[in-house]
Every structure is written in structure tokens, then in C-alpha cells.
Amino acid sequence: MSAPDPFEVTAPPVVLPPRLMGVEPVERVDTPLRMDYLASSGRHMGAYLRAMKQKRILGERCPTTGQVFVPPRGATPTSGLPTTELVELADRGYVESFCVTRVPIPGRDDLELPYISAWIVLDGANVGFIGLVTGIAPEDVRLGLRVEAVWRPDAELTESANNISSWIPTGEPDQTIESYEIVGTP
Amino acid sequence: MAKQRCAVIGVGQTKYESARKDVSIAGLVREAALRALADAGLGWDDIDAVVLGKAPDFFEGVMMPELILGEALGAVGKPMLRVHTAGSVGGSTAIVATSLIESGVHRRVLALGFEKQSDSNAMWALSLPSPFQTSINAGAGGYFAPIIRRYMAMSGAPELTGCNVVFKDRQHALKNPYAHLQQHDLTFESIVDAPMLWDPIRYSETCPSSDGACAVVLSDEDGAKAAPNPVAWVDATAMRSEANNFGGRNMVNPAASSMCAEELYRKAGVTNPRTDIDMAEIYVPFSWYEPMWLESLGFADKGEGWRLVEDGTTKLGGRMPVNASGGVLSSNPIGASGMVRFAEAALQVRGMAGDHQVEGARRALGHAYGGGAQYFAMWIVSATP
Amino acid sequence: MIDVAIVGYSVRQARELADNELELMAPLFETVRAETGLGPDRIDFTCSGSSDFLAGAAFSFVMSVDATRPVPPIVESHVEMDGAWALYEAWVKLQLGEAKTALVYGYGKSSPGSLRDVLATQLDPYVVAPLWPDALGLAGLQARAMLDAGDVTEQAMAEIAARSLADAESNPHAVRSGARDAEALLAEPLVHDPLRSHDIPERADGGAAVILATAEVARDVCSRPAWIRGIDHRMDVHHFGARDLRRAASAEIAAHAVGASADRLDVAELDAPFTHQEHLLTRAMGLDPDRTRISPSGGSLNGHVMMASGLVRIGEAAARIHRGEADRTLGHATSGPWLQQNLACVLEGE
């Protein structure tokens, strides 16, 4: 039994009315879409962003497991319950893993290639997030590297996660990663 | 009432390409649907319901496109569902359609996954910055590369394992006339020598961006018996989702993946996938995910998946070929890719995979995943009911 | 078919919510879990409805899943449609005889974006969407067609609005309410000829959660389950010029398939954002407003949450049964311009 010819066109040809014969068909319609959205951070993320302006990092604690999530979003996946407790975290942690990116990304022309994007876990947190690592050559970055936040100058602080421009090595001994499979402290 | 048996009685695909400028969205989906109907020996009126799946609507710039596709898919006056489960959507679409048959609600269902991502800008749609988050997420690759690095460290796999997967899949694609990338002059060296993109992923180790549609016609047992061509019986389906970020999450081998496979095998009566499954179509958008998923799906022990790549097990002609179609690494219309995996598995057990047919394939696995490796959809199809 | 009932329902609607998806949905899940005693460990399947274009984010449904407690992994799916279709998918899943319970939800916030622009992107992208017709204008076209043909009068539309506004007073979730008589409403200016503001839905942010259970579980967790006796959905042609704006054939077929008028219906909650659409759907679905209370919640007209209003109508129809206020009800959902796609669900209490 044979499969149908892959490229056989099965639709009947379109027959144009006489007045359209010989008229160049339109093959593409260019319709720019632009829509603006005024996004709400939500109450917990809002608290996180306001704390960011004060160079403080907030996370939320899961009421069931005690796990700390950052940034706080208002409910934790380990409980499915609304968040009741915000906790403050240190602005230092370690690199769980990383990659060296050599392609530019939209909206970040300021990023010099190649750059190191790392999965960073803060002390006190149970989850990581993606952060930029600087102050070290790509070939020297390793799993377990201890890093700390580089905050923008006070005058430039806003209610934004971008207050931390990057993460740099602290010089402390590397974090020992027990299991190479699990990401985020169990 | 006991579950009804469900079978794939028709498969239709479009040639995957970077841009299908010759058709509208309706034309694209209709092409795949017509081929599936022809394969099934059916007409539009024989179909009871349509299930459509695709990824975010920003890929085409059309909100809820099932609304404009009713006529093209013979769905006017019929039930029409639109599934969206991120990258796994092609698979979950097939699973939703299967449940419509197994539950006895319908007798014949058309399931279709598509993406016409050249209409919009896939890179843009995939890296839309979340408000309030920092924006250095370098797309999907930037997310998966660190995880791959963990697998490499844990398994001690040879550095070129990923390149081996790419070479294999692209060679397979040469035997699949629907595959997007047809790289006749590709050499292994050229893959290795390509520059790093998201180190440790090279430019050569990533999937293309494709337009395309894939359709399957599913039917109940009576419809399967009346079908003109061999059918693929759906032995089992399974879906799992997990949060993508929590303490202790195994990002290399997510619990959702291994649990999904466990349930799938249990329902299908598969006691040992290594001997019971003849071939697998696994969603591998970045090379290293083949050894990683092989372990998660139980085809290899932890840390040993790369051996199946090294020793040729997963190559056409090997003991358990993976992605004989060329896989996602050779064609990736995002909303359809999961459906392509499911459909290709069905073609294999129907003996209708043409030049990329795995000899004697009687039982095959179709697999899809999405999100931060958090959504999984799988099915097992076989030649016998 | 396996008997499935709605055993829990919660809803939130407000003109504008500052909450994110998790802050919106987590309390609704808490409510239905508490109502039924079915916590995350007892939910076998989860299914939701939402829209990326509405949210202004790709893969936006991912943002809400954490509130379902997907750790350890759950069986979960999503439709890019109103939550009513997620309920349909869950109902089908429960027919397979494995899953016994399902959590279904839908949510949407219209306030962040410009809904009229967003909805224009639902239209044929080649020849209609580039004109950016707005949803109110399209609704107005349909109302005009009905008025000109004598299907409905402005008076009848005002009477629907008046009744609905009065009904909405007893619904704490209604966003607009306040009894006024039809004559006073008719004296109001036209804002989108032939529509007056009372003919136009009050858009809202919000969401709804519903728990389904098979017979094995339903009676243990709910004192008066709302049994799904029939559920069906259909889609009409989209293309302008191929539509008869005065009909919703898909609603006719769906209503017939579920046997809507086979027996007395106490309540029919219709997802009719516009007054003329309530009129159209009432007739299309064979309902008798003298014997069936239409949208006693105040309807989508007085609180319209995109991607959830259909699920809300079904939930409201179920709640009437839960509370012993009705024995047989209908919940309806619609999608697309001009009532293009319709879902009907008949519910019964014992």
C-alpha cells in the first residue's frame, strides 16, 4: 500500500471571473498589529518591585512546604494556596547552571556578546531565576560559583527587577552541588 | 460503558518549509486535512467533530483562528475545539480527539495541528518579555542550555553526543519528503564546527522555524474495520503537567515526564519499553534532549541515554530508531510538531512511512513536550487492536 | 454515558482587578475545594480556558497553573477558548471511566488592553481585520439587521435590559445593576446606533472555577449536585456575507441536541453580551421566557468576563440547582463575533 503522493495538490483550481482575469493576484497582506496593555504586577509582585527600589529582595513562603519562591507571585505551586508570608532574601547565592549566549536578543542591544546567562539560586530561596553573570570569563564560569548582586547606583533605582544589572563572583569557595540532576535546593 | 477502541485511519501532512507563501492559513490546514481524508477514504461529511491545536496566536497574529477556519475544515455545524498546551499541543490535541472517540461521543474525529509562524515573527513571539521580569531570557535555547549542561556533567557523556543526534536526524530527514531541512551535503564535521549559540548548544544543534500542518483522522472500531488502508490502534494516551520552578525539581528528568511515561506503559501493557517498543518519535528540539528523554522514557538507565546515540541504536536500521522522520530538529511548525510525532508513530505501525519506514515496526511511541519541559503528552500506537 | 455533575462553583467579577492570575484564581480554587472537600489530591483532571491575545502574553495560561498545585504532577489541559469549552473537555474526560473529578476554570482581564482592538484580531485576517472593525460596531450591525427585519424592537431590547438590571441587584458579582423601567432606558441616547449603553455588556475582569464529579463522588461532596443531562457545542460559518446575522444556527443545533425544550426549564443562563443577542438566542434555542427565567443572575450583559462568561453562565445555572431554587436549568456559552460558536448544557437536580 502506497502513501498518497506527498505533493499532489488536491484542491481544485480557482476560476476567476472575467473582469479579474490577468489581474495580478494579491498574495500577501501586511497588517501591522499594535496593541498596548497596562499590566498589573499583582499585589505580591508589587511588594517585590517596591522592595527592589530599596535594594531588598522579597520571596514568598509556601504555607504547606515552607519552600521560598522568588519573585513572589501570590500563590505557590507546591500548595496552590494564596501566599500569606513574604520573606526577605540575601542578594547573594550561587550558579546552579549556566549557558554562554552568543546570539543577540530582541530589546537588549546593550548586552555585549558573548554573555553568560545563569540559573541563580539565592541563599534562602528554593528556586532559581535567570540572571546575567559578569566579571568573569565564560570559560571560568562553573556550577556552584558563588555570586552577588550588582545594584545600579541609587539614583537609577526604580521599581524593577532591572535594579540588579548583573551578578558577579563573590570569591567565596564554590557551593557544593550534591546532585547534578536536581536544580534548586530540595 | 467500557472505553471504545480508537484508531488512526488517515494521516495528512504539508511539506514543512520556512514560509508557505502560496497558501493562506485556511489553505495550509486544508491541505493536510484533505490528505488525511484521502488516506482514510472519507469525505468531509463523514467527520463528526474537529479538534484544532496550535501554539500561541501571536505566531500568526490571529486570535482564536479556529473561528476563521470552520469552512476550510468542514467544521461548520459541527463541534470544534481549539487546544493550546504550549509545545506539547500537537500531542494533547490528538489525545483530546482520541478521548472523543474512546468516550463514545463521536465516531470519527479530525485532529489537526498547525503553525504558520512565518506570518508573524516566531523569535519575537517566543521571547516576549514578561512585564516586571528581567529580560535576558534568551529564548527557548537560553532556557534549556543550562539544563543540558547539568545532564552533560551528570552523565559524563561525550561532548559530541548532541552533534551525533543532529547528524542522525538530518540524515533521516532526507528519507522524508515532508521534512523541512533537506541537507544533502551535510557532514558531521560541519555540525561540530558550527559556532556555539547557547553554549553548549551549537547553531547546528537547534530546530528550524517551519510553517506546516499535520492532520490525523481518528475513528472507532467499526470505522477502522472499514478503512481502506492499514490502521494504527491507539493503545494508550497520557498527559502530565508540572510547575516549572520549585525546590528540588528535577529539571533534567522532570517527574511529569517519567510519571507520564509510567502511566502510558501501564495502560498500554508495556512492561519493558526497551523490548516492547519498536521505534519512537520523540520531541527533540535541541540535540541533547534525545539522550535525556531516552532516559526519562525508560529506554536507557539514568546517565546512559547517550550510549544509545553512540552505538547507533536510535538510527534507522538500529535496534530502536528514534525520529525516523527527521524529528523536530528537521521540521518545527511549533503547533504541529507534537501532532507530527504522533502521526509519524502511526504511519510507522501502519507500514506507510515510505523510505523512512522502520522494518517490522508494530508498536511505536509518539511524544511531545512544551513549556519549561513541564507539559507532556504521549501515546502508544500499534498495528494490532 | 457516565453521569457527571457540577458540584462546586465560584466566581469573581469586577470592573478592574489589580490582581494577577494567581491572586485571582487561588481564592476561587480555595472556595470550591472547601465547598466540596475535594483538595488537589482528589482532583483527577484539570482544564482551563483563557486567551493569549486578551492577556497580551504568549503561553499566558502557564501563569495560572501554579494555583492548581501542579506539584506533584497533575493531568492538565487547556483550551484557548472560554472556560465553558474546558468544561466540555473535562466532561468528555470523565466519560472515559478513569478520572472521577475535574477542576475547570476560565479567566480573563479586559482592563489591561483595548478590548475592541483585541477582538478585531479574531476576524478574518486578510480582508476584515485590517479594517479594524470594533466589536460594538459589529454587534450594532447585527442588532440593526434584526430591527429592520422586525425580529426585535428597541422596546423589547430595553425590556430585556430593564429586567436584567433588576435581576442583577441580587447578584453580588454583577458589575452593573439597578432597576429602571424600559421607558427610562429608551430615553437614553444611542451610543452605537442602534445600541444604547444598557444594550452593551459591562466588561469585567475575573474568573470562575467549577468542580465536576462523577456519580461515584458527586453525592458525597454535594447535597444537591447539578447533573449534566446534555452538553453539546457547534460552530457556524465565520465569513461576513456568508452569515445570516439574524440566526445562530449553531445555537439551534446545540439546543436541540441537548433537548433544551424537551422538558420544562426553570432557568436559562444565556451568554448573551448584548440585549438583542439574548432575544435571538431565546428564540434560537426554543426557550419560552414566560415559563423560563432568562439569565436571572443579570447575565453576561451586566458582568462580562472574556474567556469565562460562558463558564459563569453554566456555573450560575448549576448554583440555582445547588441552592434548591430550580430543578432543571440551561447554561449557554458563546464565542466569536455574532454568536458564531455556541455551547449548551442542560442541568438537573434530583
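Which chain is which? They are A, B and C, in the order written, and residues in each are numbered from 1.
Here is the rule we use: a contact is a pair of C-beta atoms (placed from the backbone, for glycine too) under 8 Å apart; a residue touches a chain by one contact, two chains touch by 3 or more.
Since we're looking at a predicted model, the values are computed, not measured.
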item: Chain contact topology (line, ring, star, complete or other); value: complete
item: Chain nearest the overall Cα centroid; value: B
item: Distance from chain C to chain A - Cα centre to Cα centre, in angstrom; value: 34
item: For chain B paired with chain C, centre-to-centre distance based on mean C-alpha positions, whole Å; value: 33
item: Whole-Å separation of chain centres (CA-atom averages), chain A against chain B; value: 25
item: Residues of chain A engaged with two or more neighbouring chains; value: 31, 33, 39, 41, 45, 76-78
item: Sequence positions of chain B contacting 2 or more other chains; value: 61, 243, 246
item: Shared-contact residues (touching 2 or more other chains) in chain C; value: 65-66, 70-71, 118, 121, 125-126, 129
item: In the complex with chain C, residue positions of chain A that touch it; value: 29, 31, 33, 35-46, 73-82
item: Chain B residues within the chain A interface of the complex; value: 13, 15, 21-22, 27, 30-31, 34-35, 38-39, 61, 123-124, 127, 129, 131-139, 141-143, 145-150, 153-154, 177-178, 195-201, 229-230, 243, 245-253, 302, 347, 351-354
item: Of chain A, residues touching chain B in the complex; value: 1, 3-4, 6-7, 9-11, 27-28, 31, 33, 39, 41, 45, 49, 65, 67-69, 71, 76-78, 96-103, 105-108, 111, 114-115, 117-119, 126-128, 130-132, 138, 143, 160-162, 164, 180-186
item: Complex interface listing, chain C residues touching chain A; value: 17-20, 22-23, 25-27, 29-30, 40, 55-56, 65-71, 109, 111-114, 117-118, 121, 125-127, 129-130
item: List of chain C residues in touch with chain B within their complex; value: 1-2, 46, 51-54, 57-59, 61-62, 65-66, 70-81, 85, 88-89, 92-93, 95-97, 118-119, 121-126, 129, 232-239, 242, 249-250, 253, 335-337, 340-341
